[in-house]
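Got some structures for you, see below.
In the two complexes that follow, chain A is the common piece, with chain B as its partner first and chain C second.
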Partner chain A sequence: MLESDLSNIVFNKIKLQQDKNMSEDKSINNAVVLSINQRRWRKFKTLKRGYYSLIILMSLYFLSFFLPILVNNKALVVKYNNSYYFPAFRDLLDIPLIGAVGGSSFTSGETLGQIGNASECRYRELQQQFKNSNSDNFVLMPLYPYNPFEGTDVKDGEKFMPPLSSINGSSIRLLGTDNNARDVFSRMAYGFQVSISFALFVAILEYLIGVPLGAAMGYFGGKFDLTMQRFIEIWHSLPFLFLVMILVSIFDSTFFLLVAVLTLFAWLGPAAQMRAQFLREKSRDYVAAAISIGVPTWQILIKHILPNSLVPIITFFPFAVVGGISALVSLDFLGFGLPAPTPSWGQMVSVGLEHVTDGYWWLVLVPLSAMFFTLILVTFIGEGIREAFDPKVFSRLR
Partner chain B sequence: MFDYFLRRLLLTIPTFIGCTLVVFIIVQLAPGGPLETQIQNLRKGGGETSGNSSIAGEQTLPPQAIEELKRFYGFDKPLIVRYLIWLGVWKREAETYNVKINERRLVGNGKSILVKGDMTIVDADNLADVLDQWNVTAENVNGKISYRVYREEYSGILTGNFGKSWTYRKPVIELIKARMPVSIQFGIIGFILSYTVCVYLGIQKALRHNSKFDFFSSTIVFIAYSIPGWALGAVILVLFCTESFFPIFPLGGFEDKFYNELSFFDKILDRAYHFVLPTIAYTMSGFASLTMLMKNSLLDNLSQDYIRTAFAKGIREKRVIWLHAMRNSIIPIGANIGYLFGVLLASNYLIEKVFVIDGIGMLTFEAILARDYPIVFCYTVISVVITLFGSIISDLVLSLIDARIRFK
Partner chain C sequence: MSAHEILLEVKNLKVYFPVYAGVFQRKVADVKAVDGVSFTIKRGETLGLVGESGCGKTTVGRAIINVLRHVSPDVHLDGEVNYYDETGKVTNLLHLKTKDMRSYRSKIQMIFQDPFSSLNARLSVKQIVAEPMEIHHPEMSQKEIEERVYWLLEKVGLQPAHAARFPHEFSGGQRQRVGIARALATNPDLIICDEPVSALDVSVQAQVINLMEDLRDEFKMSYLFIAHDLSVVYHISQRIAVMYLGSVAEIGSSDQVYFNATHPYSKALLSALPIPDPHRTDKKRIVLEGDIPTPLNKPTGCGFRTRCPMAKPECANEVPLLDTKADGRQVACPYVQVDVSANVA
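Take a look at the complex of A and B:
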């Protein structure tokens, strides 16, 4: 428990410094009552860069689940002949894996008075139509009325539209369109959610595999450890992106296949860290004490050693997310990523670079800026967490 | 100590075999291999001439031809045998010919052989000379017996035979060698650049710990860490190479079209001109870890007791830092030197793709797309060997420069 003892001392120090303005009684009281994790959280909050990054990223990710009612080509509300329709909200309830809870969002154009349009209603046109007709029918569009998949508004066969342009008085294209005339802003926004979700899936899965394996290797040691170590060394030396590419080209790429394939290579990191931690912790006195009073092994592993071994892997988590995002964008860029219409940053970049001499710069800069922004936020969070968990304080003589 | 490194060296053997076996199996199991592509091409070809592709195509490709193709690519043997052949510990069919009895047949290296009626194979010019390394098999095809002679030898990566590329029809080693200089140049420039910058920056950051300079440089370093090199490369490519912004640098490639006509000095300039952006992209991602390693290592040492003692003795600050603290702080940096080997294969196909550089990464990437296994295997072998030996050499260097470290 050396580490937490050390951090106790350090955090007390910090606490004392912070609470100098408060009454002395209170500060001592606080320092005693707070658990180590509370103190870590307090320290994290004092590291503004990481703390604000966490708030921004969490709120953006939370907001991204409401994208269907914020960025969509379907109307929020349509009032037509005294009945109301809420197609965008039905999209919102179309949850991945579970399915459309609120029923299909499909409403044909004819139901809403678009004569001769039996397919999906074109809500932006409908809005104009209702405005011109002077009835009490109305269409309320989302904040940004384009979805990431439609590529219809093409002017003279030209599909690429630069940022901040629009055709015939329709809503402005904030960040232009891509090679299929799809909206870049919309694709970027949906791509954010895809990227973060993907990286979180990979990071959590790699922990679920890596932590128990690494723990078992470290605690039990012996032949199991030795063979696993060889295995890990082999796995570690493999040219990983190449193998991912080959595997992805064997099977048809889907979101979860890609998660699985990346996890296959990513679990090594947490496993190695857990192994080192458990190897170190098992020789401590408290483990010997637990063994001697007959605590079952699984309890020693989970209740005693695990809580003392979590620091490095918790601080590693944001960096695992960074790795996941980068890997996804890289694979998408190479064309081995998510299946075709999925809004992805890497795919936009590859289109932009293909046409690099034609000046479609926004296709490169927009998704990469979004990626940089996200990665930097996550890295700052990681740096903040690392510092909050780090009991080391460097002092220097002058 | 010696025992330790000997054991490490010996342990590379199973690791090497494991790595190559995994890659071998995965690659060979992937569909769309050369055999399938070949067969499909032949079918298509047959189909075009006869006008009806699906029916006529099936007919134009007899099973014998497929057998022959299989033999050509080595797919007539089980996977594990193929692997052993590739390693060079199992006999490989080096040459194979269809022959008739008692008929001369010209084989490789200008010799002629002849199969006698009693199935012995002799040198056609000297009938008494029986050739042991040649074998003959007889096959009964539709009542007609056809003979095939073949010569076997041990020839694989262990004997230095990496095979021929199926798309380029050239030895793989030649292809890789041709692309090596670019990678090495990138590697060495990147290595020198990152070490000088990172060590200096790390020292400055440590000496001014918690200052504004430290804070801002940390921010930049972490940004550089989180961004993949190729993505940064794509951004600077668009910003500094295209007409949309500031077209200062050349768009892709690593040398000018007229590179070979330039004078020596101009050649260097031209190379440098083409190298600026890719080098930035290439070095950037490694910056963070090295800088922070240097900073933390120096900070760690500066808070040690021996530094306190040195100060207490009245030694000047400069001397304490540069002579006492630095000598110990540079150890972990120096230990990274083993990865210098990495410059041999300093290729990142993502960066090469962005800057259209024809390097090893690009070669391998295209080989994967084309299922050109020999190139993929060769790349795997080189990269595995570099990783394995890199880490051993790093440990060796570490133990040499730091007398306190004892490996057991």
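Take a look at the complex of A and C:
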């Protein structure tokens, strides 16, 4: 009896205290509450290196969609015999169909008064022609009037022009020309668009496949998990490069074939990550709570476990992009990449290496530095994201 | 005791987790986490379930709300978990499919031990408390749900202003209150409280226990109160069941078990209780010898015989069943004598 009395007294005493505590409780600050993702975004913004890298990369990528009206040999506006033509703008639609860059719009030279030229109009010459003829016809060229494919503007069979040079008073070649007299700056710029788009396609696709599969493996477990794991192990041991070579020699190598092949191998990473996350999270109490409430399984997966499992794969995303860019560059370098005229950094490097002893230094330097700066920007973003997701204020000693 | 008074009847519940080994991952043994547990819970009653760590208390609770299969799909479940609804209709919940189970989910809820992992960190308190209503009462409008969330938060001693916050902004006791509000949301008949206060410090424990008592009386619910702290269990329960190594050693009223335990294990467990009185030195501590056997390889017959001070050779022969004694308590030992005159009311 004594114990029970004592414990009752203690309990009652504490109950009194409890009421007091509760009134104190209620005075807790009513500051604005941020969700965990809002706090992460705030922290990411304070990490200047990653934040500015993101801004630079995003704006460059955004700009690259407008390359046909910024860097192109077709005119923005042509006024000829009182009618207007906008040939460059029609190229804008080609950008999403990579591999067909600069292809579809066609205006023959004769329609615009270039006598004897039934093929594509040469707008730079047309500009001179109109200037000399003193009529009110005019041609407005893009900022940088060379496209990555044309290689005809060569004098005396000389194909290589060094950076910042020009012929006959035409606009200068910022970064020179290559072995086919194609403009290196223009190829580099279009190559940026191709590389980033390719890497994003691969990264998003590998996530779309890997995340649901890994999640299902981790959550449902059992025989499904076991079978998939063995399959992944076998798949992992296939030699990636040989498979690409075989596929490229059977089918015509296209942008989307390469995306598909790379995705076939790249989804293994996110799948393994998600499997581990789901395996760990499903035994936590909030999942048991959701089950005991009667939440349907798909909702448990999507609403409860997924948001708690995203940290590793979000942090991994920029590095997946880095992997995609590097993979494309190496495939292009080896000659198993995008089909021939497509501007790509790997192809540029391999051309540069062929001529590295001839003194054409810009051919190697330009694509490599472009790749270097892009990769470093993406890596900085990745580092910033990783640090923003880290609950510690400083993740290393400063 | 008419059938109408019974809310839940657990009959010979067995939960075995298979153990796999070898290249082909063949089943080599079973972890007999729960091995033949039976008890009943009446309407409005709190049954305390005590026992040391690893004796299967939590597994019993999780078997009742049917969540074991989701985490370990190959668990072996046997026995009956009979739920009696208001009309007296009996349903065995143990083998119900997910879809059929859903309608009973609103009637049996659970409060978890760890208030830090039992709330989804990505959901606000409002979303957490609203979820059971969204699942079970799709007819409720957003506004009704919101109002009920605020009402529930006030009931458990939180403020409506807390609804927009996220779990990490609360202390352990406050989080446990959120967990209680979530359990209350669908007006359950039975709440399984899986060590709801053992992760909290003592003063907060008392607050939460008192709150749970008030809520039980207000909403006419039953609790299955799982804990290893006997004083807490005594404080809140009408009846207490003592578990050892996956089976029940003794069930009786709180006073019977707390002041006058008869099973040798319950006696030893209770003698280990600290007495908050330095002048009382008369109580003898029963110290058991040896360690608790692993549920992977249980002793034959009575699970407690390896450590029992009154073990006999016959104890190895057969598993002792719960036997109702003269004063109404049930004891799983044929050799204990119940002294009715010594029974403290």
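The working rule: the second predicted complex is superposed on the first by the 347 of 398 C-alpha atoms of A that agree within 3 Å, B and C clash if a C-alpha of one lies under 4 Å from a C-alpha of the other, contacts with A are read in each partner's own complex, and residues count from 1 in each chain.
The rule we apply is simple: a contact is a pair of C-beta atoms (placed from the backbone, for glycine too) under 8 Å apart; a residue touches a chain by one contact, two chains touch by 3 or more.
The model shown is predicted, which means the values in this text are computed figures rather than measured ones.
**Student:** Thinking of the overlay built on chain A, is A:329 touched by chain B (first), by chain C (second), by both, or by neither?
**Tutor:** first
**Student:** In the superposed arrangement, which partner chain does A:246 touch: chain B (first), chain C (second), both, or neither?
**Tutor:** first
**Student:** Taking the superposition as given, does A:220 touch the first partner, chain B, the second, chain C, both, or neither?
**Tutor:** So A:220 only meets chain C here.
**Student:** In the overlay, answer first, second, both or neither for which of chain B and chain C A:35 touches.
**Tutor:** In the superposition, A:35 touches chain C alone.
**Student:** Scan A:257 for contacts with chain B and chain C and give back first, second, both or neither.
**Tutor:** It touches nothing on chain B or chain C.
**Student:** Once bound in the complex, which stretches of chain A touch chain B?
**Tutor:** It comes out as residues 49, 230-231, 233-239, 242-243, 245-247, 249-250, 322, 326, 329-330, 333-334, 349, 352-353, 356-357, 359, 361, 364-365, 368-369, 371-372, 375-376, 378-380, 383, 394-398.
**Student:** Report the residues of chain A in contact with chain C in the complex, numbered from low to high.
**Tutor:** The contact residues of chain A facing chain C are 1-4, 6-8, 10-11, 14-15, 17-18, 21-22, 25-26, 30, 33, 35-36, 220-222, 226, 282-295, 297, 303-304, 307-308.
**Student:** Quick check: in the complex, which residue numbers of chain B touch chain A?
**Tutor:** Per the stated touch rule, the residues are 11, 14-15, 18-19, 22-23, 26-27, 29-32, 209, 218-219, 222-223, 225-228, 230-231, 234-235, 237-238, 241-245, 251, 299-300, 302-303, 307-308, 311, 317, 350, 353-354, 364-365, 368, 376, 379-380, 383-384, 387-388.
**Student:** Mind pulling up the chain C residues that touch chain A in the complex?
**Tutor:** Per the touch definition, chain C meets chain A at residues 25, 62, 65-67, 70-71, 73-74, 98, 101-102, 105-106, 108-110, 112-114, 117-124, 131-132, 135-136, 157, 159, 161, 164-166, 168-169, 174, 179, 182, 186, 203, 206-207, 209-210, 231, 234-235, 275-277, 280, 344.
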